[in-house]
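Working notes for the structure below.
Going by the order they are written in, the chains are A, B and C; count residues from 1 in each one.
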Amino acid sequence: MSGREAILAKVRASLKAQPEDGPRLAAVERRMAKPPRGVIPARGQLSPEGRVELFASLAEKFATTVARVRDPADVPEAVAAYLRSRNLPSAIRLGADKRLAGMPWQGQRAMEVRTGPSDGNDEAGVSHAFAAVAETGTLVLVSGRDNPSTVNFLPEHHIVVLNAGDVDGDLETALAKVRKSFGRGKMPRTVNLITGPSRSGDIEQKIILGAHGPRALHVILVGA
Amino acid sequence: MDATMARPRVGLFVTCLVDLFRPVVGFAAVKLIEDSGCTVEVPMAQTCCGQPAYNSGDRLDTRRIAENTIRAFEDYDYVVAPSGSCAGMLKKHYPGLFKGDPRWETRAAAFAAKVHELVTFLTDVRGVTDTGADHHGSVTYHDSCSGLRELGIRDQPRALLAKVDGLTLNELQDADVCCGFGGTFCVKYSDISNAIVSQKTEKIAASGAGTLLAGDLGCLMNMAGKLKRQGSAVESRHVAEVLAGMTDGPPIGGAG
Amino acid sequence: MQITSPEFKANSRAALADAQLQKALVNVRTGFIEKRQKAVDALPEFDRLRDSARDIKNHVLENLDLYLEAYEKKVVQSGGHVHWAQTAEDARGAILDICRKANARVVTKGKSMITEEIALNDFLESHGITPVETDLGEYIIQLRGEHPSHIIAPAVHLNKEQVEEDFRRVHDHLAPGRDLSEPEALLGEARRVLRSRYFEADVGITGANFLVAETGTSIIVTNEGNGDLTQILPRVHIVVASIEKIVPTLEDASQVLRVLARSATGQDMSVYTTLSTGPRRATDVDGPDEYHVILLDNGRSAMLGTEFQDMLRCIRCGACMNHCPVYHAVGGHAYGWVYPGPMGAVLTPSLIGVAKGGHLPNASTFCGRCESVCPMKIPLPRMMRHWREREFERGLNPGVARYGLSFWAFFARRPKLYRLASAIGIPLLSFATFGRKRLAWLPFAGGWTKFRDLPMPESRTFMQQFRDRDATTKQAAR
């Protein structure tokens, strides 16, 4: 008997269950087809503006910095301002996201824009968020050519562009949006839920920012 | 209202530690319950709640002890114990011992419904807000684990103590943390128990109180024993002694 | 790893005498507890979420076979491989096969208790593969040749001076005069050293906090980002997870995530919650080419349907040990195997047998604080008591305790004899000890009197005194 059959047989024996158990199978399939939403904290159930404000205040509480711009066209200047304020070289890494590509980077003449995945030699990476979660100040990023996962983790500074209209109240809503966008049961290779810059408390429980991932996380909120 | 409910009959579950080591707590309990408008009886057929056996994995003996307790007490209107731990055993753990035995299960459930810890019986069942006692000096209060977490005893003793004339309550830091008694634990793992009770006596000393109070004699004997060994002047008493105004005798482990 | 759980008593005595350890344990007693409380107080729905999380896991456990099959199907659909392992040995074998096929020399690892359970590092090393722990705490203890003393804070038993010493010893290519006096400097150095290791690695191994049946997704939760670098940079990603990690849907994962970080570190969310599904896609420019899941049973299927089933709800947050007075006193290593604290006291006997792990469920005061903070509402004290019952049934507890207990129980079951014995015994004891109020020593009570005085009984029991009082009152009333 294979490991698979043996484990399933042991589980069934312990549960006193049969493999072809109609009602159990129906319950399981029903749950996966129509997931119940469970307990949703009231905290994030706000108007669109309220969600953006809650997201921003919680993100800042967890050591993310937040800048706001009116229009996507203002993003390159906001990125440049961030790099200047941190005394960083004028260079960024970004993926093939059309929303980012459509921004007027050429207006930042001194800025070097590298595209593709990060190789670990970038000071700053720029990603576009898929969504955000107001209740915890969390960004939702999905992997792919548009926003490679390496850009989220290898640069010292991670700059994330977020449309104000993409801020959801709760985690369930944000993940349901991933499901809707990629198709039921189909997920992107990686979904990153990011709440603040990398940190560790492993030495004497003292929290220090910048463990293995970015030391700093900067959100540029568009349209808020 | 019929006469019996006007003056309910309470069976006092004395607890073995009070019976053997600290009779004054039993008399304090009798006084407090009588003052709250009840008749108190003390069934002679009681022994121990069975925790030593229960917590050692000896389910059969526990069940036999439980049957004895239930038989001795099931005719009373209420069963009251001056201990959160024993009351918790009677109320929360007895019914589980009889799972699968419908007749006893029903009996145990009916019995469990009548069980109360002393202080909460006074406040929550009898509506007592002031026991009319006085006690001059500062006290601190330790929340014994079973009472706190199984029966939700926390505010009730503090509310009654607040009404005791001349008494000031200095809150104990980490009052809700175990004192390290744990029944047979304190003997089986005495080194660990000692480390835990040493943390506790440090906090007791830091409270600046002259008297330590708690609602469980096991915890009190543990803490008092450690305080005495450390040469501390803090006196230890069961909270019922103070609430009943019966503090003339020596504290647990003697004075000085 | 060597199991020292049977020597729990000796281990704990050594731990109590270890000044460095005792200093480090102060951090557990304070930080974790305050942070959790703050996070819980800030979320009014917390307790309802605990119920919701408990119900989700209960539903999963009742249908575990079906959810495992559904999960496997989705992993395969997304291009991944599932390897079913009945035992630790099976799991190690499957991992080694994958590593060999990938010609792996260096393997990076995210923090994972399950790979501790299967003793993976020693095994890989013995086969010429170098495992590199990348979580800061895990990295530190790997340098020291130790094992985690806490399931979410593996190096919680150490102080920064000890870490500095280890870094100076191991990182001997760096300037000897460098300043490593502060945790910031230590972290910075570990970050630089490990960065190159991520790129060197051929295989990355992580655990999983959840496996989502609906999508075939594995989820890890970290703060450092090491788990992500471990899984996106090497060519092969191996997830090692035990079978009870399943949740049905993304919504269910969300419910449990809400109680996980709050209970563990007091964060609303951990910094990185990463959902991984299969290998790199045609549309990806990074990520692993291969994605493998090792589904490990290792004794868990046998816990289903027993009084220990509830333990399989555990999400490894560490709240129980953070709030445990025994853990606070002796730390994690004293427990002698992988899982310490209350969750370890229940799980260890299930996995290595009660004959070896029997001390653990006994070394509890039953204070109940673990259960009161458990996000999954696992009745930990109740299950420790069930282990004691199994021990008792099998006669595994020491003879003296057993006979003492039966002697006592003989009387406790017989009220009249009990009354008689106490009525004679108490005055006798009082007489024999010259009416002292406390004793510093008493035969057979050494465990007590070694550290405390024993308050002595008065000369007569309550029952004797009460009967007299009762008789007097009745006479007076007549």
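Following the convention adopted for this analysis, a residue touches a chain if its C-beta (ideal position, glycine included) is under 8 Å from a C-beta of that chain, and two chains touch if they have at least 3 such contacts.
Keep in mind the model is a prediction, meaning the values are calculated, not measured.
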Chain pair, B-C or A-C, that carries the greater number of C-beta contacts: A-C
Chain whose Cα centroid lies at the greatest distance from that of chain A: B
Innermost chain by mean C-alpha position: C
Distance from chain B to chain A - Cα centre to Cα centre, in angstrom: 53
Inter-chain centre distance, chain B versus chain C - centres from mean C-alpha coordinates, in Å: 32
Chain centre separation (chain A, chain C; CA means) in Å: 30
Chain C residues within the chain B interface of the complex: 9, 12-13, 16, 325-326, 328-330, 362-369, 371-372, 385, 387-393, 397, 401, 405-406, 408-409, 411-415, 418-419, 422, 426, 436-438, 440, 445-448, 450-458, 460-463, 465-467, 469-470
Residues of chain B defined as touching chain C within the complex: 14, 16, 18-23, 25-27, 30, 42, 44-48, 50, 52-59, 61, 64-65, 68, 72, 145-146, 149-150, 176-178, 180-197, 199, 221-222, 224-226, 228-229, 250, 252-255
Chain C residues within the chain A interface of the complex: 24, 27-28, 31-32, 43-45, 48-49, 51-52, 56, 59, 62-70, 72, 74, 77-78, 82-86, 90, 134-137, 140, 153-156, 158-160, 163, 183-184, 186-188, 191, 194-195, 199, 213-217, 223-226, 228-229, 232-233, 243, 248-255, 257-258, 265, 267-281, 283-287, 295, 297, 301-306
Residue numbers on chain A that touch chain C, as the complex places them: 2-4, 6-8, 10-17, 19, 21, 24-25, 27-28, 31-32, 35-43, 58, 62, 95, 116-117, 120, 135-138, 143-145, 148-150, 152-154, 170-172, 175-176, 178-179, 185-206, 208, 210-214
